[in-house]
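Sending over a structure as structure tokens; questions will come in a sec.
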Amino acid sequence: MQLGLIGLGKMGFNMRERLRGGGHEVIGYDPRPEVSDVPSLAALAEQLEAPRVVWVMVPSGEITRETIEDLAGVLSSGDLVIDGGNSRYTEDGIHAKMLVDKGIGFIDAGVSGGVWGLTEGYGLMIGGSDDDVARVMPIFETLRPEGDLADGFVHAGPVGAGHFAKMVHNGVEYALMTAYGEGYEMLAAEPLIKSPQAVYQAWSNGTVVRSWLQQLLAKALKEDPQLADISGYTEDSGEGRWTVEEAIRLRVPVPGIAASLFARFLSRQEDSPTMKAVAALRNQFGGHAVQRVSKSG
Amino acid sequence: MQLGLIGLGKMGFNMRERLRGGGHEVIGYDPRPEVSDVPSLAALAEQLEAPRVVWVMVPSGEITRETIEDLAGVLSSGDLVIDGGNSRYTEDGIHAKMLVDKGIGFIDAGVSGGVWGLTEGYGLMIGGSDDDVARVMPIFETLRPEGDLADGFVHAGPVGAGHFAKMVHNGVEYALMTAYGEGYEMLAAEPLIKSPQAVYQAWSNGTVVRSWLQQLLAKALKEDPQLADISGYTEDSGEGRWTVEEAIRLRVPVPGIAASLFARFLSRQEDSPTMKAVAALRNQFGGHAVQRVSKSG
Amino acid sequence: MQLGLIGLGKMGFNMRERLRGGGHEVIGYDPRPEVSDVPSLAALAEQLEAPRVVWVMVPSGEITRETIEDLAGVLSSGDLVIDGGNSRYTEDGIHAKMLVDKGIGFIDAGVSGGVWGLTEGYGLMIGGSDDDVARVMPIFETLRPEGDLADGFVHAGPVGAGHFAKMVHNGVEYALMTAYGEGYEMLAAEPLIKSPQAVYQAWSNGTVVRSWLQQLLAKALKEDPQLADISGYTEDSGEGRWTVEEAIRLRVPVPGIAASLFARFLSRQEDSPTMKAVAALRNQFGGHAVQRVSKSG
Amino acid sequence: MQLGLIGLGKMGFNMRERLRGGGHEVIGYDPRPEVSDVPSLAALAEQLEAPRVVWVMVPSGEITRETIEDLAGVLSSGDLVIDGGNSRYTEDGIHAKMLVDKGIGFIDAGVSGGVWGLTEGYGLMIGGSDDDVARVMPIFETLRPEGDLADGFVHAGPVGAGHFAKMVHNGVEYALMTAYGEGYEMLAAEPLIKSPQAVYQAWSNGTVVRSWLQQLLAKALKEDPQLADISGYTEDSGEGRWTVEEAIRLRVPVPGIAASLFARFLSRQEDSPTMKAVAALRNQFGGHAVQRVSKSG
């Protein structure tokens, strides 16, 4: 089928490729003319036959908001917009409302898979009405991985459900990565273990902890057994923070996910103000030897 | 090759089956005559041709200790004992020493895979000398899963390294399960999500969080979508506790694994003494409404 | 000085008492006629001499919002409103703006001390302009505890700073209570310890952990040494949740405060969905004995 | 009464001073002749009238063990040894047994108060038999703070109970310090707050969080408002690690104390191996920008 695709960055570019490979006609728009198929949003709208389906794949936040606003201006009743970026699910209702007055439909799509999606397919978590989802199904069929539909695609619920499921996916991902990280650190700290890499590699088959992330860590350790070239400084992209915030709203205890989020915050601090306060306290009451800043390298 | 196998419980029984299927001659001993091939340890030793290889697959702790002691009595110089149970790795050195005076070798083998191992093979993490490991290799080859050797087998280091790697494996497993549990709880708490099961199922392909445990949870939720028949009361089998203890010894911060362990402790408490103290405090300073025990059902 | 006081619940009632004891003229309003000095907000405004100072001491959220709206209607330019309730600090800017158009000033006051404040005084954390704070100083002087001003009163910053400081105060309070709770649980679990109460009592002088909360817990344990009459079911009143949310906004790792908040969530669950998922997983892969719901009574 | 005191370091030196001020005859021994009253342990034993009471105040671990061994050599039946250092409570039974064969009694004493103890008195947590404790009571009376006996002294139970109570005291102390540290970090991160120091100071009276540690942090912040001269690098002295280990043995969930312990481990790492693994994983699956070591300063 025909699809407009806005945003041809790392993800959107690959998705256009995969969709074209699947026989769809994709017209992509991006502000960078070297990758864009059309010079403007207006041109995109013009070139698509009504009723149009437009997939938005741009950074979450302001850029997504503005893009949806702009689309509300150039699209017409009967058209359909899909937000496939990492928007917070609370944005979806707002975006849907911005479009519904014009008679334009809205779907939120959580898309997982990163750079591997081009060849392996993307895990899809979708929110929207049954009719809207049915309409985009040919696109979803091409984007998703091979195998049973239910193993790589879910129509999770009404508008918002797709991004909510994707947010939880990423929150779980944070905690999984921390779990594997802690395991690595223990193996690396114990002199009995000849090669943490070999242990991680050996977990690939038959074990309870086998997973895609486990295999990726084995691969990363093969390339750099001491992780000597990698700093622990780690950004967080929003979903982890949102997951903990939504957990608080839902009164769901998430010690594992929260610990993972806080570990990322800590990784970006030169020195921890909390621990400076702890050190200052020890200094006050105990005459404990406190490391002075000048000595701490 | 020929192997003595002590302990024909859930794990040992299946391993005998898989090994025999692989062409090995396995003589099993178990105190329950209905599953045992020989009437006693002494008979087992007698029936095996020297130099003997004996695999011990009994519960960790006292029973393993006593079995090794008994084996020191009936085996001879040149024989080899493998502890394939979930012994704490700190036991391995002690057990090796109990045997070395008699000229008997020792290997510790961490075995993962549970009831699935019979058909899929067992993930193996081995500690011991190069010569001893080479000698048992035909057995390991049959037990391990199909595919590359390095993907399901590791000679992790000297005596102790196998059980250490298995202990870390189980600690990581605790944290992974908690991560998936937290994700499930959030999906179940959010009304937008039609079916947490369907979301977990859809994570099977293409996503970052796909894993064996993820698929098992999808399967469990298919059988019982609300987990209505399952209590959260959860035992811990030792490795989780040991992992945190060893992390403390190694000064490795393991907030994720520790949170998972504490969650299991909590799951077995009728009411949390910590929270009773917190409630008592609130009652003291705030006249906060405190739920009396009689009301809390 | 003259003060209007809205809300004569547990806190407001005591504050009126303490302020009158300090020589101030307090006109209290409460919807319950048996405690109210005036029949309505309008009557309150009428009875106060302009420029008026009105202290709002009502539950945070909608009731505070509506009260401020109502006050915007009955007060005049030059008047001053103080929100002494537990409003989220992000509300303060909104409330200030609702009043500033009418020329009415706004102060946010975090008030600590609970039922003990009547006799011991209230810890005060204030946000607002220097002029507004100076104007209310006689009231603050009476409410605050005896001793140095700086030991029980802080003008923490502009509008919002008072409630922010109070929110952090409560977040810290959560973590302190959990710390003492964990200590109590350990003492109660160890057979060597004759009386956890006696240990807590003995921490009152000379120790590093001595505090008001420590003494309150000693007192609570004296009244009920096993805490047998108290359920661990514990509400959270908002500030704990807000503290973690603001920590996330500020990228401040707060594992201690978050653990305390999650412990409260857990205390209110009949059974933990997270742990049900963990138990279901163990059931799937290990044939671990899983406690069925019917048995967990 | 007469007391032998072994170890005249920071703690022992001050205790001798306080005890002499209380009218006791203290004969101190220390390997450093400039502070010692006698040249050797043997001389100490000789100079004390039988039956002797000897207080050991040396670093926990090997030095305490050796000192007790030496005392078993020079003391006689009817004498009494008190271990006032920070020994792990599991050592106490061993030490008592080393002495009991000679007819020498043993008491374990947890002593809190640090450098402030000289003037304010020491919080005391005692383990031992009723008779032994009664015998040393005059010494305890002088060491303990003024006020009610029960507020600064507890005979917590039989041998081991004193050090167990002190260990829990220190575990709680870890979590309290982290709580105040997290509160400080939040106040310091929020631009609305003019002075975190002033807020901490204002918590001294009337608030729920007031405590000795709170006042010490206010004092530390007064001396160095940004804690600019203090590194967050923080040692742990054993009790925190032991508390978590004992909590695991007792199946007591201690997320607050464990988080505090792990924060100390983290404070001493140049870079977190766990987070290096997390960063490596993100690099693998997402093409996320990973900070290379060379860039991370």
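As written, the chains take the letters A, B, C and D, and residue 1 is the first residue of each chain.
Keep this in mind: contacts are C-beta pairs under 8 Å (C-beta built on N, C-alpha and C of every residue); 3 or more make two chains touch, one makes a residue touch a chain.
The structure displayed is predicted, hence computed values, not measured ones.
Visitor: Comparing A-D against B-D, which pair counts more contacting C-beta pairs?
Guide: A-D
Visitor: Between A-B, C-D or B-D, which repeats the contact pattern of A-C in over half of its pairs?
Guide: When the contact pairs of A-C are compared with those in A-B, C-D or B-D, B-D matches.
Visitor: Approximately how many whole Å separate the CA-defined centres of subunit C and subunit D?
Guide: 33
Visitor: Using mean CA coordinates as chain centres, what's the gap between subunit A and subunit D in Å?
Guide: Measuring from centre to centre gives 46 Å for this pair.
Visitor: Please work out the Cα centroid separation of subunit B and subunit D, and write it as a whole number of Å.
Guide: It comes to 37 Å between the two C-alpha centres.
Visitor: Could you list which residues of subunit B touch at least two other chains?
Guide: 114, 178, 180, 182, 185, 189, 208, 212-213, 251-255, 259, 262-263, 266, 272-274, 285
Visitor: What is the shape of the graph in which nodes denote protein chains and edges denote touching chain pairs (line, ring, star, complete, other)?
Guide: It is complete, because no pair of chains fails to touch.
Visitor: If we count contacts the way the header does, which residues on subunit A are in touch with subunit B in the complex?
Guide: 89, 112-114, 117, 120-125, 127, 144-147, 150-158, 160-161, 164-165, 168-173, 175-176, 178-180, 182-183, 185-187, 189-190, 192-195, 198-199, 201-214, 243, 246-247, 250-257, 259-260, 262-263
Visitor: Hey, which residues of subunit A end up touching subunit D in the complex?
Guide: Its residues touching subunit D are 10, 114-116, 177-178, 180-182, 184-185, 188-189, 212-213, 216-217, 219-221, 224, 227-235, 237, 255, 263-264, 266-267, 270-293, 295-297.
Visitor: Show me the residue ranges of subunit C that touch subunit A in the complex, using the header's touch definition.
Guide: 208, 241, 244-245, 248, 251-255, 258-259, 261-263, 265-266, 268, 272-274, 285
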